[in-house]
Structure formats: structure tokens, C-alpha cells
Amino acid sequence: MSLVLGSVVLGILSGGIYALMAVGLTLSFGVLEVVNIAQGMFVIAAAYLSYALQRYWHIDPLLGLVITIPVMFLLGLVVEWSFIRRLKQDRVMLSILVSWAVALILEGVVGLIFADDFRSIHSWYVTATVPVFGLYVPDIYLIGFALAVVLMGLVYLLVYRSRFGAALRAMVQNREAAALLGIDVQRISTLTFAIATGLTAAGGMLFGAIQAFNADSNLDLISRLLIIVILGGMGSMGGALVASVGLLVAVNIIAVTWTPNWSTFFFFGITILVLVFRPQGFFGAPAARKV
Amino acid sequence: MKRPSTWLIAAVALLAALVYPFVFSSTEATTIGFFALLYVGLAASWNINGYTGYISLGHSAFFGIGAYTIALFATRLGLQGGYGLFAVALLGGLVAGVAALPLGFIALRVRTMHSFVIITIAYVMMLQLLAYNLESITNGPNGLGVPQPAWSGAFFNIPFYFAALVLAVGTVLLSAWIRGSRFGLGLMAIRDDEDKAAGVGVDTWKYKLTAYVISAIPIGIGGAVYAYFASYIYPQTVFDPTIDLGIVLSVFLGGTGTILGPIVGALIIQPAQQLLTLYTGNLGTAGWDLLLLGALFLVVILLMPSGIVPSLVERARRTSVREAVTKADETTPGAQTAVGGNGTS
Amino acid sequence: MNAVLEIQGVSKRFGGVQALAACSFSVEEGSITSLIGPNGSGKTTLFNTVTGYVPPDEGEVRLRGEAIERLSPDRIYGRGLGRTFQQVRVFPRLTVLENVLVATSRSSLLHAALRRPRRSERDQAMALLEFVRIARLRDVPAGSLSFGQRKLLEIATILVGEPKVLLLDEPAGGINPTMTVQIGDRIRELNRRGITFLVVEHNMEFVMSMSDRVVVMARGKVIAEGAPGEVRENPKVLEAYLGA
């Protein structure tokens, strides 16, 4: 029983970390109408960045965020500026293909540099543990959860309590109308995408610390992130958080009570089952017929 | 499409495909030929669902189902390798088609493009996990073998090459038939405006599901033929998103919604990819092929979003269309209009 | 007098907005009935409800006596009720001829899959394009037509199903006067051939000259109906327009 409680705690903690990785996806979808398949690869690239900083320059992964966040932010700027903004029609579909291509290129580059050996980020707080209901939870989960809460809190403030956020929310409501109201749609899009990408620096550092990774891991990761976002109702930040925590708690309970082998299967299975009955996800509006 | 030149080109292409393995008989050449034709079949099949505009990134689910079907069937029944196993490959298509029914039902229930795409991606991951976890059936991560035929040397590839050719030709004909039928017209109407299509009597839900199921069948057969050719399969080699990449890239390079597009695309991409792995494989670096494929993909989507074939056709047609419309506008009384729609009621 | 389309107590709420509030009226067979009302009075929502795009919360819609309010748009089309859209909708990447051929008259999916469009169907489609006078554009992608030509194409497409009743959403909206006359002329010709019309329109001249009956809606319900002359004199109508 305590094992189950422990897995619930672990589920909540890792749910927070996954939500941090997924929140950028939600932002990009809501504001840019872009489904960013490269988000998973951004996370992996950021993990490699943290790894390299620590390995070759002995910079602590947490401290390294000061470097990795701006680097990822810049990468986001470049990708949005060079590819995403060129898409005029069929944005959703073409963005899926374009970002997939970006992910491939990045995967290729990372593969060339690091080959396909599994790496992981080490630090004292990765190995130290805290006992929680009979489970030994590594410190990194607690740090990760706290970091996720802080960063998502900042995003929340940015979106709901700033002028930038007001413009951003107007764009989520109606892109064209926002443009007519004199909102610089292009600038907000670029910044949003860059912020979403910047957040993956933290997500990547945490991901690399809680599990071993290689360039190939991005496929599994992006599938999970997309599933979280779709279950939350595309474009809803709160939805992504609830979906992320809910799924990870469920998956962790399955892992300890039954078998870890099947937990990932149910990660996808639960979502698809929910979508059968509620096609729009938890917090999404139903897809209306266009009339 | 009824112009005699179309048939002439098709006949020449078929003839070329028939003599190819005898002219270029090295194992490398016939392997490249095999993969090129296999992907012509896969891409043409994928495109049947693609007519609706719903982009599936998860058709390798059916590829894998076909592959596992032939492997399980052959090993469980103790079948011998030989020409007979190609008949079992057809069974792979059947099983894939049956599986596509519930999978399509769920994926199409969410009426939005992005959700559809995401769910199809999830299918590949789920089926891969099933293949890993159902060890008593699939042998898990250790994979399954397919009984091998006694063909030897350079001849080994020849039967596989022709099996892929039959699959490619059959699927292209099926795709062409559907495109010319009322059913195909309905599918393309769904692509253009799904709700409007319903408003003129198209049972959109049934049309979409049917297209999804039909497009799974040749891909299932293709997966089975591949498994037989490869002789051994693993969960990650047949339920593999890079297969989807190969298919989708071919279709987009050639042009969605056309018959010729997937053929042209697959015939460019596959040989390129095979040659690339042949050479970069020797360098011992896995990154270059992904990098180049990704770059090619980007160039295609950004510069020719409708693909090679439609871009060329469009260039030829644009001038004549513009003339026709303006002429009609001048001769139809009051046809010239400038104003757009007005307020809602 | 025979009601071909009956709308009884139809209500629809979107979030906090009551788009239709127990709306009731009927359309006489063989008539041209106009549906007018200020913006936001629920006319388009009513169209969407009648044609199966938006299920009503309450109420009944009967086509020739049979309830249709729970049917899907394609089924309703199959029963002989066709519609056009306010923002004209054609299939832009299909040719003009293909646009017409998409419309099916009661054929099953199996039928559709096995068959290419027959000669007779092509002939019928061409005849309809002749009827709306855009036959010469048969091989042009519909996306490159002008706005008025699209309206004509949309009407031709709907006619394939041999509808008994046609719902037109602003047939005269956004086009020039000559085109308006042409569309009006086609509507009258179809009406002579026995098709009943329910038309949403803002162009009052068009409404008054075309219609046998006029139904006026405001805030989701019918506030007046009658012959064009009567409705024009009705003080409630004036009030609805001015007070809206």
C-alpha cells in the first residue's frame, strides 16, 4: 500500500517535469497553430548540452541553465525565423512535417557528435535520495518538480499578467483579428516559439538526469509529450499539467503494482481510451463542424 | 488521364522495371530496386488515405502487423521458405486491414487533423511496445525469423524484386482506380471541405474509414514481403517511424493526391537513401543520412509544398486556366465580382 | 396548402447565447419563402439545425412529414433537402465538373467505389452547368472561379441530388446587381420546375420581388410572417430592425 502511495508521489513529481517539457508544445500550438514535432528533439539536444557543459567544462547542470536556456532560446528564434514563419497555408499539417524535418536534422547532428551511446547527467543530487513511503526518491525529482513549478509559474505570469501575454492570448483566440487590432503577430509568434524552446533547456537537463538518453530517445519522448498535450486538450496549459500528472501517476501505479513493462503501453492506451469517449481531451472545446 | 501518352509512359516504365534486374544484376542493384518498388507500393497505398487530406504518420503500424503475421504464421505452422510464402504475405495484408478498422475508428473520431496525426504516431509506439511485451507470442526484443528460401547467390533477390513489382503495380492500379471513382472524388472533396462534402450527400465518416482501411492492406502485404526478404524482424525494425518518414517524404516529394506523385517520390528517395546508407554506413557514422533526409524534406516542403508532379502540372496549366476564367468572366453576364462575403446573420 | 418543411419549437443554446428560442414556422410546398431578420437573430443557426450540422437542443424538424432533426447532413441531403452556405463553399482543388460529380444522388459507398461516373451522370452534370451558365469552365479548378461563379457552381452542385427543398443562405450577398438578377432568374426557373425555396437574404429588394411569403426572426424566434406586403407594414418588424 505504501508502495502505491510512493508511486503516486513519484508520479506527481515526474508529472510536473513532463508538464514542463509539454508546456512549450501547448504554447506553440495555441499561439502559432504549430504542432512542433521537434520539441522532443529540442529536449534531447538540451540534455546533451547540459551533459557536455558538465563533462567538458565541469559546470554544474543546474547552474548550467544560465547558459543552456539562452542557447535553446536562440535555437528557437532561428528555427521559427527560418522555417516556421514561411508556412502560410495549412499551418498545422505543414508545421508537423517541417518540425519533423528539423528534428531529423538535429538528430543527425547530435548523432554525428555523440554517436548513439546512451549518456546521462550526473551530480550529487541525482544520486542522493529521500525516502518517501518506502520508495527512495532521488533528490533530482524534488528539484525538478520545484523547478517545473517555478518555470511554469513564470510562464503563467507572462501569459496572464503581462501586456505581452494579453497580446498572446488575443492571438490564441483569433490570429487574424489580433493582427487587425494592431498586434504584431509575427513578433509574438517568434518570441513564443523561442520561449517554448528555451523552456526545453530545463526540461532537457531534468530528462537527462532522470534517465539515460541518446539521440534516438526523442521519438519516444515526443510521442509522450504529444499524448499529454492532446489529452489535456490541445492548447490548454492547465490541461497539459493535469493530463501529465494524471498519466504519470497512473503509469507509476501500474509499474509498481503490476509490471513496469506495460506501463508505457498504458500511457498511450489510457489516452486513446479517453479520446474514444471524449474526443476533445480534458479541457479542449469540442471540434465543431465548420458551418 | 486517358491520353495515350499516359499509357505509353506507363508501358515503358513497366518494361524498364521488368528488365532492370537482368541489366543490373548485382545484389546491391537488385536490393535498391526491391526497396524502391516496395516503397512505391507503400507510398501509393498510403496516398489512398492521403486523398482525404488526413496525414497518417503511423502506417508503419500496418507494416509491422504484416511483418509479424508472416513471421508468426510461418514459424508456428512450420512452413518452408519458397514461393508459397508470398501467398502468406497476402494474409499479412488481410490482418493489417482488419486491425485498421478499430484503429481508424478511434483515430477518425477526433475530428481534427492534429489529433488524428498524434494518435497515428501513438499507434506505432503502442504496437512496438506490444511486440516487445507479448514475449510468449512475439519473442519480445529477440525478434522473430522467417523461414528462408533455398535461392542462392545473385538470384536470391530476383523473386523478391518481382514480388515488390507486383505489389507496386497492383497498388498503383488500385489507387488510380479509386481516384477515378466516385468514391475517390468524395475523398478529395473531404480534403477540400469536409462539411461541405457532407452537405452534398457524401457519408464522410464511412468514406474516411474505408479509405483508411483500404490503405492499410497493401502496406501490410509490403511489411510481410519485407520481413521475408529481411529474414529476421525486431519490434523496432518493423514498427519504425522512419518507415513512415520514408513513405510520407516520398508522397510529399512527388505530390499528394496524385497517382504519379508517390511513384516519382519513392523512386527518388529510396535509391538515394539506399546509396546513402551504403556509403555513409562505411564511414561508420549514422548521422549523415538523417541530416540529409531532413534537409531534403525541408527543401521540398518549403519550396514545393504540393510536390514535384503537381508543381510541374500547375506550371503548365496555370496560364491556360487564367485565360479560361477571364474569358468566361467576360462572356458570362455579370460574372465579374469584386466584393467578398458580408456579415453573419 | 401543404407544408413541405415544418420547424416546431426548435431551440439551440451556445454557451450563454440562446441562438434559437422555440422557433416555429413552416414552408409551403412550391413556395419561395424568405427568412429575414437583423444580424444575430438566428437565421443561419436555424439553417444549420435544419440541415443536420448542428443538432437542436429541443424541437422537431419535419421534411414532408418525416422527422429529420437527428439525421446527419449527408442523410438529410439524401432525403431531398439541399443547402448553400453564406460564405460560398466549393471544393477549390477539384475542377468545376468534378465539384458537381461529387454530389451523389442516393448511391451507396460500394456503388461509389466500384463505379466511375457514368456518361449519363456526366451529361447530367454538364446540363446543370449549362443551366447556371458556367459550362465552359468545366475543367477549371473551382478555386480559381470568381465569387459569383462559385455561387452558381454551388447551386448546380446542390441540384444533383434532385432536392425538393433548397435552403439558400444569402444568394444575393456580395455580388454585383447583374449577377443578382441572374441568380434570381435561376431561382424562379427552378421554382417553376417544382422546387420549394427557403432563402435567407438581406437584400430587401430581392426579398420583396421574389418571395411568396416572408418569415421574420428576431432573437431566435419568429416574430412575424405573411405576404411580403403585410410584413412590410408590420410595426413589430420595423421595431426589431431598429431596436436590434
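As written, the chains take the letters A, B and C, and residue 1 is the first residue of each chain.
The rule is simple: contacts are C-beta pairs under 8 Å (C-beta built on N, C-alpha and C of every residue); 3 or more make two chains touch, one makes a residue touch a chain.
Here the structure is a predicted model, which is why all the values come from computation and not from measurement.
Participant: Please identify which chain has its centre, taken as the mean of its CA atoms, farthest from the centre of subunit A.
Facilitator: C
Participant: Select the chain whose centre, defined as the mean of its C-alpha atoms, is least distant from the mean of all protein C-alpha atoms.
Facilitator: If we average C-alpha coordinates per chain, B lands closest to the whole-structure average.
Participant: Between which chains do we find the greatest number of C-beta pairs in contact?
Facilitator: B-C
Participant: Between subunit B and subunit C, what is the separation of their C-alpha centroids in Å?
Facilitator: 40
Participant: With chain centres taken as the means of their Cα atoms, state the distance from subunit A to subunit B in Å.
Facilitator: Centres of subunit A and subunit B (C-alpha means) sit 30 Å apart.
Participant: From the C-alpha centre of subunit A to that of subunit C, how far is it in Å?
Facilitator: The answer is 47 Å.
Participant: Would you give the residues of subunit B that are in contact with at least 2 other chains, written as numbers and ranges?
Facilitator: 195, 198
Participant: Provide the list of subunit A residues touching at least two other chains, using ranges where the numbers run on.
Facilitator: Subunit A, residues with two or more chain partners: 289, 291.
Participant: Which subunit C residues reach two or more other chains?
Facilitator: Answer for subunit C, listing residues that touch two or more other chains: 44, 53, 73, 85.
Participant: Please give the residue numbers of subunit B that touch subunit C in the complex, ascending.
Facilitator: Residues of subunit B touching subunit C: 178, 180-183, 185-186, 188-189, 191-193, 195-207, 210, 257, 321-322, 324-325, 327-329, 331-345.
Participant: Quick one: in the complex, what on subunit A touches subunit B?
Facilitator: 29, 35, 83, 86, 89-90, 92-94, 96-98, 100-113, 115-116, 215, 219-220, 222-223, 226-227, 229-230, 234, 261-262, 264-265, 268-269, 271-272, 275-276, 279-281, 287, 289-291
Participant: Spell out the residues on subunit B that touch subunit A in their complex, using ranges where they run on.
Facilitator: 53, 55, 57, 106, 109-115, 117-119, 121-122, 125-126, 129-130, 132-133, 194-195, 198, 241, 245, 248, 252, 285-295, 297-298, 301-302, 305
Participant: Help me check something: in the complex, which residues belonging to subunit C touch subunit B?
Facilitator: 37, 39-41, 43-44, 51-53, 72-74, 77-78, 82-83, 85-94, 98-99, 101-107, 109, 111-117, 133-134, 136-137, 139-141, 144-149, 157-158, 160-161, 170, 173-182, 200, 202
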